[in-house]
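Same chain, two partners: subunit A is paired with subunit B first, then with subunit C.
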Partner chain A sequence: MNIAASILEIAVIGLGIAVMLADLWLPREKKIWLGYAAAAGLALILFGSFSMSGNPATLAFGDMYILDAFALFFKRFFLIAAILVMIVSIEYSPKFQTGKGEYFTLVLFALAGMMFSASANHFALLFVSMELMTITFYVLTSFLRNQLLSLEAGIKYLILGALSSGFLVYGIALVYGTTSTMDFATLREKSALMTDNPLLLVGLLMIIGGLGFKIAAFPFQFWAPDVYQGSPSSTTAFLAVGSKAAGFALLMRLLFVAVPEITLQWEKLLMVIAGITILYGNLCALPQRNLKRLLGYSSIANAGYLMMGIAAMSASGSTAILYYLYSYMFTVIAAFLIIILVMKHTGAEDIVHLAKLHERAPGLAGVMTLSMVSLAGIPPLAGFFGKFLLFEAVIEQATVQSSYYLLAAVAIVGVVISLYYYFGVIRTIYWGKQQMIPEDIQISPASKAALWVCSVVIIYLGIMPERLMQAATAAVESLKF
Partner chain B sequence: MSILTFILFLPLLGAGLVALLPKTAKGLIRAVALASTALPLLCAILAFLSFNGAEAGPGGYKFYQKVAWVTALDINYQVGADGINIGLILMGSIVSFAAVCVARSIQDRTKEFHFLMLIMIAGIMGTFMSIDIFFFYFFHELALVPTFIMIGVWGRGKNKDYATYKMTLYLTLGALVALVGLVLLYVQSGAKTFDLIALQEQLRDNPISSDAQTTIFGFLLFGFGILVSLWPFHTWAPVGYDAAPTATAMLHAGVLKKFGIYGLIRIALPLVPQGAQAWLEVLAWLCMGNILYCGWVAMRQKNLNKLIGNSSVAHMGFVFLGIASMNLIGISGAVLVMIAHGFLAALSFGLSGYLYDQKKTLDMDQYGGALRQMPFMGTLLVMAMMAGCGLPGFANFAGEITVLFGAWKSLPWFVTGTAWGALIIGAIYALRAVRKMLHGPVANDTPPLQDAANYWIKLPYVLLVASLLLFGIFPSLLTDKIRTSVAKVVKSIEAGTQDQETNLAEESVKTELDIQLAGQD
Partner chain C sequence: MSGAFILAWMVLLLPLVSTVLISCFTLKNDKLSARISIGAVLAGFVMSLLIFLSAREAGESNITWISIGNFQATLGVKLDNLSALMLLIVTGVGSLIHWYSQGYMKGDRSYSRYFACLSLFTFSMLGIVLASNFMQMFIFWELVGVSSYLLIGFWYERPAAADASKKAFLTNRIGDFGFILGIIMVWAATGSLNFAELKGVFEANPEILGATAGIVGVLLFCGAVGKSAQFPLHVWLPDAMEGPTPVSALIHAATMVAAGVFMLCRIFFLLSPDALQVIAWTGGITALMAAVIALQQNDIKRILAYSTLSQLGYMVMAVGVHAPGAAMFHLTTHAFFKAMLFLGAGSVIHALHHEQDIWKMGGLKEKMPATYKTFLIGTLALCGVPPLSGFFSKDGILAAAADFRHHGNVFLFAIGVLAAVLTTLYMARLVLVAFHGKHRSEAADHSHESPSVMTGPLWILVIPTLFAGFLPIESAVNHVAGLNHAGDHTQAPLAMAFSVLALLIGGSVAWSLYSKAESDPIANRLHGLSTALKNRLYFDEIFNGLIYVTHEAVSKLAEWIDRILLSSFIVKGLSNVVDVFGRGLRLFQTGSIHTYAFLFVVGIALVMFFVMGGVL
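On to the complex of A and B.
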């Protein structure tokens, strides 16, 4: 048994318990400090993670848990996301009447789930980590207990989440039933010999469905807009970034490590999922007036772009996914932080509330513009290079199998459509008609720092992609293409 | 460090400085913007004068510089100039400087406008000096967001939002389609590099299969074509330029729009020549659409800006015609028209902006006898219109006549004949506009038009007219440089297409042999 391999998760859980205990003794007005403490603790853990190496891979807990370059890459991703989300949560927390400390704790536990999922090498750990994350999110989505929309979001997420867990368990049972193993390494050998076993295929499809729910890919995307709109904005940010990335980490490990032979048969299926997800997300985002809802549909569209990388079924496709996730994290978190800052006192998050933002807060207007431009995928920002890598991976496949051209065409149509609504936000910021009396926008130093970090990274990843590219390439090597 | 890097980064540096300056320091902002385009202009003139193909660097590029960017994909920051783009770089810097001069009239949110304009200028410069196909695309897209915001915030007219979106969506679509072509080139070449020089060397020895070439050229043709307003994808141009603020229209119509043509000449023709041959006929027909249809539409316009916009689309037809001829004279002519039209479009939009600022309308019926009120600017407008209809003495004449010669050599006679006939259409709408606006009785309902008050206001326009005349009277300043580089392009076209012929010949010999052998059996 090699407990040292999972030291990062243990540290996060320890931090979560410490925050929970401290919550009991801290007076009410000082609970906000728990958030700062948690963020600082996570920063320390992130710093510590750089003393670890995923090469060669370490196995632990009866080979259920694997620590390789891929897992470590994602663990760092989740830690960075959680630090930023913690700052977003602090900014949002005045809206919670009670339970600030609990909120911070739950974010930490969800983080632990995500980090475990990055290391899942066995269906049992896959399921447990997934549930740790999802059950925590049930609470986080409905944390505004006296708001109908938040409760609605929580219920929707609960029912559909439970359904997808059902899919997942059923699928795992079928896979276990046909192959009599839940271990990915063994499954890799066994599944290669059973590529046309219908029960195994049905089981795997159900598992993909269960994971598809997490990443909000078609046809499991229905929950996303409602839950994104109703949940507290900080939860939405974490859901958009963390939950989606965890889903992709699991999906990649499952498809490319556990059942690579079967995955090869599914290129058409994966392409169709990617294509429909892109079109659905982008088309539905067009008429949206609510910014969070718009970002919800945009997150569906982005799941579609990321699925392109899966559908490419190549090392370059997976590298592209890892890169894209980073760029997506910083842009989306910046956007949600600005939503919180600008719309503190407005009931709903309508886009019109951004009108004339460039006069009220030119800095925020600039960051929001950066974020939207990066989401639209325009140079010199992070989102552009991510999309470029995804396109490159797909076109590389198109020279072998021409149906990938169709996927590329759909993606182009999607990008052009998305430009309309992303630029619509920019338009509102710079020359929209103001509909209400502007209020003062106050930014706490932590939020200011987070916004600076996000904007610098968005630009940095766009003009200096080399470092992250190397890291992503190294991480993908452990997927054994 | 290459002099080109200075030309590229000085505007970016200027943009950074402008961002740091306080909003109220308008004078300082103007000074920074002027300096960060005047210095590159000096650099560009220096580079142009010292350019003599004699001691060329790698791949025939002078002022070459290469910095590794992403090693995994072999993307490099790589700039250089040869005879094709040295003139474009000079033209781009002159137009950029002129545009910054003209932007004086922007009174609202001066800081933001200058910031965006300088970013756009950097994008323009980067596009024309990159010899890495990734950066070539990258810099072009860099200018997209500034264009969007500039038209949206400072644009004019009721249809401003519509025009902004139409232009942005069209341009993105074109750019993405072209990107697919570029990535395909990267994948298919097998060289795994975005370095244009390395790609060229790789493809010289192992050309891509002719089917793949046809696919790639198709993507590049339509992607770049949308960006250069190839008929029938041209409708964004007149609408967009009509709504754009003066400086943006000058920069976009004058320089940035040439990105697509430059891409076709620099990348598509030499690297996938067999594909080009396959699409030749289509291109020739489509450019007829530009020349005839858009010229016809221009004749019916009542608004000066729409007229200039449509006529600029029509002029692009000549460039496409030059490309379609695929010979030394035609392509050289296309490059020359590109440069000449850059000056001309910038001059025309600059002058129409000058008029708009005074009268708040460009409806030609509202004008009359303007030449009497503003003899200086009026004369410039007459000159711009004359240059537009191809009067000898202006650079446009030199370019268009060369294109026609080139087309005559390799395209059917009626194509050249139609293009020649279209010059008459150009003369009709240009002369009509001059008559309506500048001659006749003075329109008396509004405060009289003011002529340019001082040399500062005259400077940008004079600079552009002077360039048109200089390169019109001494076209050899450009053609000598252009010819040697275009000759290389043509050589690789010939080599690429001959391969195909010899291959076919070999194959037919082989089959004959097979048949004979089979007969012997």
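On to the complex of A and C.
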């Protein structure tokens, strides 16, 4: 057994246990320091991850666990996301009456689940890592124990999550039953010989359904808006960024490493899912007045854009996904952090609360504008370049199979629709009518730093995409296209 | 990367650093801002001198900015005779004008902003000069447009200045639109934007552009028509004189307007014979027309502005008759003496408390001896008196036009000579009226010489004005442009004879008309024509009318399309449809967990049904 390969996850779990233990002794008013300590610890682990290399790939735990460039790329992604989410959580934590320390610990455990999922090379690890992440999220979503909405969100996520896990396990059982293997490498060989075995196909579709639930792709997305709206904002941010990315990491490895031959038959299915998800998310977002719900639908739409990269079934498509996830992470976390800062004391997160934000906090208004503009995909920001890469990947395929043009057209329609609601937010910020006495806004240094980082990265990735592109291209090489 | 390239990068980046420093930190500290800005450009000049003198080999150093698929956007510095010469002009003249500005702008409340803009302009201009590819050139091309906009409109509270800056920017944009179309066509045909690569491609296959060669050439020339203010886009340059006078000297005489000519020399290899014909005639027409208009202008800066237009026409014409070397030669000498003339005019204007009408000056010869002497030397150089620099460079152009066996043309040559006569005439008029005779106003009576911070640069500029004519610029540039029959025009006796003749005629006519004149004698004799000339041949009015009429028509049409077609049918219709969809879809989102679980299972069932049924 090669435990050293999973040193990063072990470190994260160790950090989680340390935070949990420290929580026992720390007096109540100092619990917030646990969050800072966790963030600092994660930063150290992230730093340490740069001494590792996924080339050549290392296998561990009876080949269940693989550490390759792809896995390492995602692990770093999750670590960065978790650091930012930790800062968001600290900002949000005054709303938790009890259990701040637990919250920070659970974020770390969810992170460990995500990091394991990036390395899953076997259905057992795929399932276990997903459950580690999902079960932790059941708690995180219902963490505002005295708020009905949050409890409702938790229950919904729990029941629908359990349902999807049920399908996932069922699917895994069918795949195992037909191929008698759960190992991706073996499955790659065996599945190539049985591409028309109906039981295997049904099993795989169920697994895709289970993963589709995680990434909130149509038709498995119904939970997303309710859960996004009801959960604590810090959880929503992590759900939107981390959970979705983990779903994509698993989906990419499953489709392109484990069963590539079967995936090739499914280009239409993937295109249809991508197209409908884009339209569904964007159309539903139009009439929304609640900011978190709007971001919930926007996250569905973004799952659709990302699915385009999967549907392209090419190295460039996957590279685009990896790039897009980064741009999405920084914009969305910035947006959620601002929501928390501006709406600390209001119950509901209505867009109108942002009215005249530029007079109260011009900096926040600027960052929010930046992140909305980036989400809408306007150059020269990160979101634009991510979308550009996805479109490029799809159009590349269109030279072979012309129905890809249709997908690109649908996606463009989606982008145009999305302009309306993203700019609606900006319009409210600068020209909206203030309806209540504004709260004064205080920003902690950590949040300020996080916002700076997010804005700089949003601009940097739009102007100098080279570095991240190279990393993503190198990571995708381990998917063996 | 060899030393010369490191220096070139530094020359390019120093003014940018200066802009950032001034705008971010030292806006409140006028003295420091000026020092930073002057330091940046002076250091640039010293480094440019080193680059110019070093035994450099032609080449470029590129960094990749964006690479998408097989498209690479690079930023680079390209060093050869052409760019080294331009570097020297831009930083050299630039340094003097920065220095002079300290005196001229003294006490302005936006002193720091002025120097920040000046540094931004220097950066942009150097970016064009050093550009190794079309994309970079276009980016800096636009940056020059922006910084020129900022500087012309520097006194933005004056409506005339604000209007002039808008006019300059928009007129330039029209030309730039053609320029970028040309660039795109070049890219589409060859797949490359790099000048060195393009040159290789064109040497291997001169016919690569096929039938579009002429169109591409003319489109690219559009960029130069805008920046170098050629007919019919020349209208912005005279108005641009609303900016501070040092700006007029730097941007609208020595550097920015030279960018168009420089660009044509840079891309000379891809201009087809047809395109060159268009270029030659545009240049010729501009040279003559501007010289005619200059005859009846009374504002000292506007006379110089029209004179600049006319000289730019000469340069463009030189490119058109296959003599880019002569064009660059004239560009160089002109940069020096025209900058000097503008700075001299600035000195006069400064001394007369912003009086610019030459008929209200007079007799400044005694009051401002230093300004007078340098101004006179500049005028003589501009008129082409041997052996000043202007004589040689103008002679080079006339000789190229007179080279009837190759690419010359007898009509273009005639235009050139005629414009030379007129040049002498209007410049002599300017000097005689403004500096000789009696004081015609109180301001002129009370004027006194400008401080040494302003006269210093004038005296320094005298040196190149006297001697730049002896530099072997023409052959060096022709070599870069790929022409080898260089430099043999200069001995053309025909051109030289006509050039001297033009000088004599123009000079004597001016002396007889203006040496004792109290008001303009030809204004009365020519009535109608004179009024037309005073009104700049009504170009602005014509353009206004044309723009108004077409604008009205287009906007009526657009309004119709917008209101009937787009607004009612498409936008309202579409948005209603979208809205209905949005609201309809919400019905699924009941909030009930039963529904969600049911829909989830239905979703999986549907996916299976379609996939296994072979639909997807």
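Following the convention adopted for this analysis, the second predicted complex is superposed on the first by the 481 of 481 C-alpha atoms of A that agree within 3 Å, B and C clash if a C-alpha of one lies under 4 Å from a C-alpha of the other, contacts with A are read in each partner's own complex, and residues count from 1 in each chain.
Just so it is clear, a contact is a pair of C-beta atoms (placed from the backbone, for glycine too) under 8 Å apart; a residue touches a chain by one contact, two chains touch by 3 or more.
Predicted model, so just to flag it, every value in this text is computed and none were measured.
Would you check which partner chain A:151 touches, where first means subunit B only, second means subunit C only, and both and neither mean what they say?
Neither: A:151 stays clear of subunit B and subunit C.
Going by the contact rule set out at the top, does A:198 touch subunit B (first), subunit C (second), both, or neither?
second
Is A:392 touching the first partner subunit B, the second partner subunit C, both, or neither of them?
both
Go through the superposed model and pick first if A:466 touches only subunit B, second if only subunit C, both, or neither.
Touch status of A:466: both partners.
Pick one for A:443: touches subunit B only (first), subunit C only (second), both, or neither.
A:443: touches no partner chain.
Look at A:419 in the shared chain and tell me whether it touches subunit B only, subunit C only, both, or neither; answer first, second, both or neither.
After superposition on chain A, A:419 lies in contact with subunit B alone.
Considering only the touch criterion stated at the top, classify A:379 as touching first (subunit B), second (subunit C), both, or neither.
In the superposed model, A:379 contacts subunit B only, not subunit C.
Overlap the subunit B and subunit C contact sets on subunit A and report the shared residues.
Of subunit A, residues 388, 392, 465-466 contact subunit B in one complex and subunit C in the other.
Given the complex with subunit B, which residues does subunit A contribute to the contact?
319, 358, 369, 373, 378-380, 384, 388, 391-392, 395-396, 398-399, 408, 412, 415-416, 419-420, 423, 426-427, 430-431, 465-466, 469-470, 473
If you look only at subunit C, which of its residues touch subunit A in the complex?
Contact set of subunit C toward subunit A: 64-69, 578-579, 581-583, 585-586, 588-589, 591, 593, 595-597, 599-604, 606-608, 610-612, 616.
Where on subunit B does subunit A make contact in their complex?
Listed in rising order, the residues are 69-73, 112, 134, 137-139, 141-142, 144-145, 148-149, 152-153, 161, 164-165, 168-169, 172-173, 176-177, 179-180, 183-184, 186-188, 212.
Which stretch or stretches of subunit A touch subunit C in the complex?
On the subunit A side, the touching residues are 155-156, 159-160, 163-164, 167, 198, 201-202, 205-206, 208-209, 213, 218-220, 222-223, 225-226, 266, 268-269, 272, 280, 283-287, 388, 392, 417, 464-466.
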